[in-house]
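Here's a structure for you.
Naming follows writing order (A, B and C), and every chain is counted from residue 1.
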Amino acid sequence: MKKKMAFAAALLAATVLGGVANAKTLVYCSEGSPEGFDPGLYTAGTTFDASSRTVYNRLVEFKHGSTELEPGLAESWTISDDGLEYTFKLRQGVKFQTTDFFTPTRDFDADDVIFSFERQLKADNPWNKYVAGASWEYSAGMGFPDLIKSIEKVDDHTVKFVLNHPEAPFMADLGMDFASILSKEYADKLQADGKLEQMNQKPLGTGPFTFVAYQQDAAIRYKANDSYWNGKPKIDDLVFAITTDASVRRQKLEAGECQIYPYPNAADVQALKDNKDLNVEEQAGLNVAYLAYNTLVAPFDKAEVRLALNEAINKKAIVDAVFEGQAQVAKNPIPPTMWSYDDSIKDDPYDPEAAKAALEKAGVKDLKMKIWAMPVSRPYMLNARRAAELMQADLAKVGVTAEIVTYEWAEYLKRSSDKDRDGAVILGWTGDNGDPDNFLDTLLGCTAVGGNNRAQWCNKEFDDLVKKAKQTSDQAERAKLYEQAQVVFKKEAPWATLDHSKVFMPMSKKVVGYTQDPLGIHRFDNVDIAE
Amino acid sequence: MTDATAKTAPSLDEMSPRRRQLAEFWFYFSENKGAVIGLWFVLALIIVAVLAPLIAPHEPYQQYRDAVLVPPVWQEGGRWEFLLGTDAVGRDILSRLLFGARYSLFIGIVVTAIALVAGILLGVIAGYFRGWIDTVIMRLMDIILAFPSLLLALTLVAVLGPGLDNAMIAIALVYQPHFVRLTRAAVMSEKARDYVVAARVAGAGPLRLMFKTILPNCMAPLIVQATLSFSNAILDAAALGFLGMGAQPPTPEWGTMLAEAREFILRAWWVVTLPGIAILITVLAINLMGDGLRDALDPKMKRS
Amino acid sequence: MFKFFIGRLLVLIPTFIGVSIIAFSFIRLLPGDPVMLLSGERVMDPARHAQIMHELGMDRPMVMQYLSYIGGILHGDFGTSIVTKQPIIQQFFALFPATLELSLCAILIAIVLGIPAGVFAAIKRGSFFDQSVMGAALVGYSMPIFWWGLLLIILFSGILRWTPVSGRIDLLYFFPSVTGFMLIDSLLSGQKGAFTSALSHLILPAIVLGTIPLAVIARQTRSAMLEVLSEDYVRTARAKGLSPFRVVGIHALRNAMIPVITTIGLQVGVMLAGAILTETIFSWPGIGKWMVDSVFKRDYPVIQGGLLLIAGIIMIVNLIVDLLYGLVNPRIRY
């Protein structure tokens, strides 16, 4: 049966690919294999690019190139005054994709929305554990199980979400990948056939591209969804060529084996820019890397000590050595592309002399500390070890002896949240939904102490501002609160903010219409290939 | 080593004085020009490793922030102070390579020593006592040999935690079945020989019999296997370093240097090429020497 | 013969049990916590962590976990990957053909080049040819193949642009996977250029993976040939005036092949180890790369299942080599 299907898929593709000259094929050298094709189950951007951003849609979508929301499968919505009820008017006439493995008989409606969320929230839903070890990380991470009281079908094209408490970032959450809308009809069919796990292997949604085939660890193939509600994509075929090594991706682009790829090596960026046949788009990433002191442990419990250490670290040198200069020195805990970023804040200057004096004044002598360096490379910090070595040298200049320690990644994540942790931790964060709350409260709020708040920093003034902003639905008002919070943060310095990396997207000059998304997702529905 | 037997085991060949044996050995060894070249190179490498702090122009960890990715001196942009160029954080590659020699030799010695000692112990025990203890030991060795060595070492290191020490332990563990098998086979064939029987009749205890009487006569294949392990250990440790599971940066171990340099593959050929050449030449020299040793020690090969 | 076969098979059983215990206990000893990694930088709350551990059965006593694991294996269930949540056996069979194809081509290169080189080197012992072949073989044998692969990529894909950079075939070609071997499937597909494309993707990794076996086979063939050539019956044949070609071709080669076959068999383990590095360098979607990735992702069940499957394959291949050895070597009686 499986073989047959693969064959059919191949025939389908062969007919599409048959006239190679006529069909426009975009090959994207993706950075890794998708973990699966059900975006609710996973947390990796690689998986989302291959599933939620190609095959699926959400109630609301992020505008291309921005963190602002626009209507998706919901045409419009209203929020009750108490911020507890969200009512969505669904778009009508939206068709699910027709594939060789399933032919839908009805359009998208409220049942699909309810199915997509309930499977993640209700333990008794047959889809809650449909693959071994299924866990809904993002849904749990955004607090949905506690937040959502109920999801009600008002009529076929109206759905109401009732919340337990007001939560301003809720709309942004609905634009996230885990909130993708699946087909209930397809799910029922799979359930009837006893093939639930196929949902995670052969996705079917309303999105711009229809899934054709996945060749394990090698390639994923899609074709344009001709009946896409937002207009058929301009390319006919989309291929993800899975290429885990960045220098290999570069070689493939230069050899014309793919037309666009993400995450180039920092070392390659200049050469790519110099290549006449290529374009390199760049954008500030929605991320931050930081060094979090443990503010519960002396002498790091004193703000003046933390500020002095911040002055001792040459952040520019880190950006140069780790990112080849392709990153921005960070002064605030949120990235500059995010609304409410306070650009009027002045960064602590790099001034070893002043730092030395400040440390002396604070009565700190012969300070010995540990610097934790992450064992893995992340977009916000490509080489933590290198960064730590640089900091170590900088701190030595002000008389501080730093020892670099590291742990295996899972261990690192766990131990770094311990309240009595010894040392300052290099870590970072990539925004999930473009809401400042996702940085400021998640990483620095009092409730996150012992968890995501690696500085173990609980400051009443800061926390009140952030909590108030969470309950406020007016964005301008929220922005003001967040700006004040950033001032408090700078004064108290629980972190040394290190950098916001830049995100580069090298592509052939033939690729037109690609916009980089600050959320780090890769979408190809607007892309065309010039002849 | 062989002279120990000369005292206890009087047989025609072994009666010869130690010097004659050595001379004979050197005669066969030096017949093989490659082996001699290899030997000289290894000696030179040992000197370099010992003297590294004296002859290296720079500290291996010193970062010259104004000299990042400087090419070797003969290439445009090269600087005399950095003969072989610098890496991504401005460390002198020549100095790192020189210090790297220490690590490679150290890895070779430690791995071979552990594998050899453990292998001989187990092998002698298995071969001498036979019975259930033999079965247990040999089954265990079969189990180790059932895995591809690098894969087993990789998982072992993952278990023990990435790092040079653990990489060496893992590699040694993976290598020692070869020594066990060799020793066992040799012990079993020697055990029935006249001189052993004679020694036993003379009242030698099992320990003495095992290690003083039998073992020295099994040394030749073990020495050959040891040189093989030595060069393979350097290769495998470098491979683990390359996969990020061996020595950790900024240690100037050659494989680790290669792994760190991989992102510069198209931009700065020297950071990728030079550590690889260092590994290749070192391993080649040891293997050349090993070939010579085998020719000189293996009587069967002498005839052909 | 049959008795011998059964005997060998029986020995394999305790070994395999030992292998399974090792693979199983290893993984339990791995530091780090795969469940923790599920949520990345976001910290998972302890209650949820405990719940997932429970759901994965990782809070049960070791012995129970082992027994249920073995029970699963007997039913062909090697568990599910924590990361992808897909059955391991399914992933293994999706990826294994790629490794097999690569390894077979590599060993083919090694045999086709190595045996003649060794034979001629032995015949022309001491000649310039002999010395160059043996020199080259020693270099090949000493080669750090992860570096060798990088060099070849720089040269052939980077500078000369003769070969594609990575992957198994140009992605413009798409056809069903019938055998899993890209070379065969591309021929079956009938698409123009598909086979050449597959071949050009395969050649560099196969050379890299074949380098060490090639060197070993060439050396082994030479020394086996030398030994046989010095034996009386060959000398007699020569003295009788048989042409050197016939002497070598008929008498010597067959006998010299016995140790060579063993060598080739032993190379299987070497190949699978080499595949780890080669596949990593060339982004070749096979089991070597899969294992390395899984080690880094702490995907316990995959490492465990992969170790077991790979060890099983090596044991079976070794058994086959033993049997072949018996067939070729008339001196062995069962």
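Points worth noting:
Note that in this section contacts are C-beta pairs under 8 Å (C-beta built on N, C-alpha and C of every residue); 3 or more make two chains touch, one makes a residue touch a chain.
Predicted model only: the values in this text are computed from it and were never measured.
The interface with the greater count of contacting C-beta pairs, when A-B is set against B-C, is B-C. Averaging the CA coordinates per chain and comparing them to the mean over all protein CA atoms picks out C as nearest. Computed from the mean C-alpha positions, the centre of subunit A lies at a distance of 38 Å from the centre of subunit C. Per-chain CA centroids place subunit A at a distance of 47 Å from subunit B. One inter-chain figure worth recording: subunit B and subunit C are separated by 24 Å, centre to centre, where each centre is the mean of the chain's CA atoms.
Shown for subunit A are the residues that touch two or more other chains, namely 245, 251, 408. Residue numbers of subunit C whose C-beta contacts span two or more other chains: 31, 153, 158. Chain contacts: subunit B has residues 161, 262, 265-266 touching two or more partner chains.
Residues of subunit A that touch subunit B in their complex: 245-247, 250-251, 265-268, 271, 317, 320-321, 375, 385-386, 389-390, 393, 408.
Within the complex formed with subunit A, the subunit C residues making contact are 31-34, 36-45, 48, 52, 55-56, 80, 82-87, 91, 94-95, 153, 157-158, 161, 164-168, 170-172, 174-177, 281, 283, 285, 289-290, 293, 298. On subunit B, the positions that touch subunit C within their shared complex are 34, 139-140, 142-143, 145-152, 154-156, 158-159, 161, 231, 235, 238-239, 242-245, 255, 258, 262, 265-266, 269, 272-273, 275-276, 279-280, 283-284, 287-288, 291, 301, 303-304. Taken in their complex, subunit A has these residues touching subunit C: 3, 6-7, 9-10, 13-14, 17, 20, 25, 27, 33, 35-36, 41, 43, 129, 131-135, 137, 140-141, 200-201, 213, 215-219, 221, 239, 241-245, 248, 251-252, 255, 257, 408-411, 413-414, 417, 427-430, 442, 448, 451-452. Put simply, subunit C touches subunit B in their complex at residues 11, 14-16, 18-19, 22, 26-27, 29-31, 135, 138-139, 141-144, 146-148, 150-151, 153-154, 158, 223, 226-227, 230, 269-270, 272-274, 276-277, 280, 291-292, 295-296, 303, 307, 310-311, 314-315.
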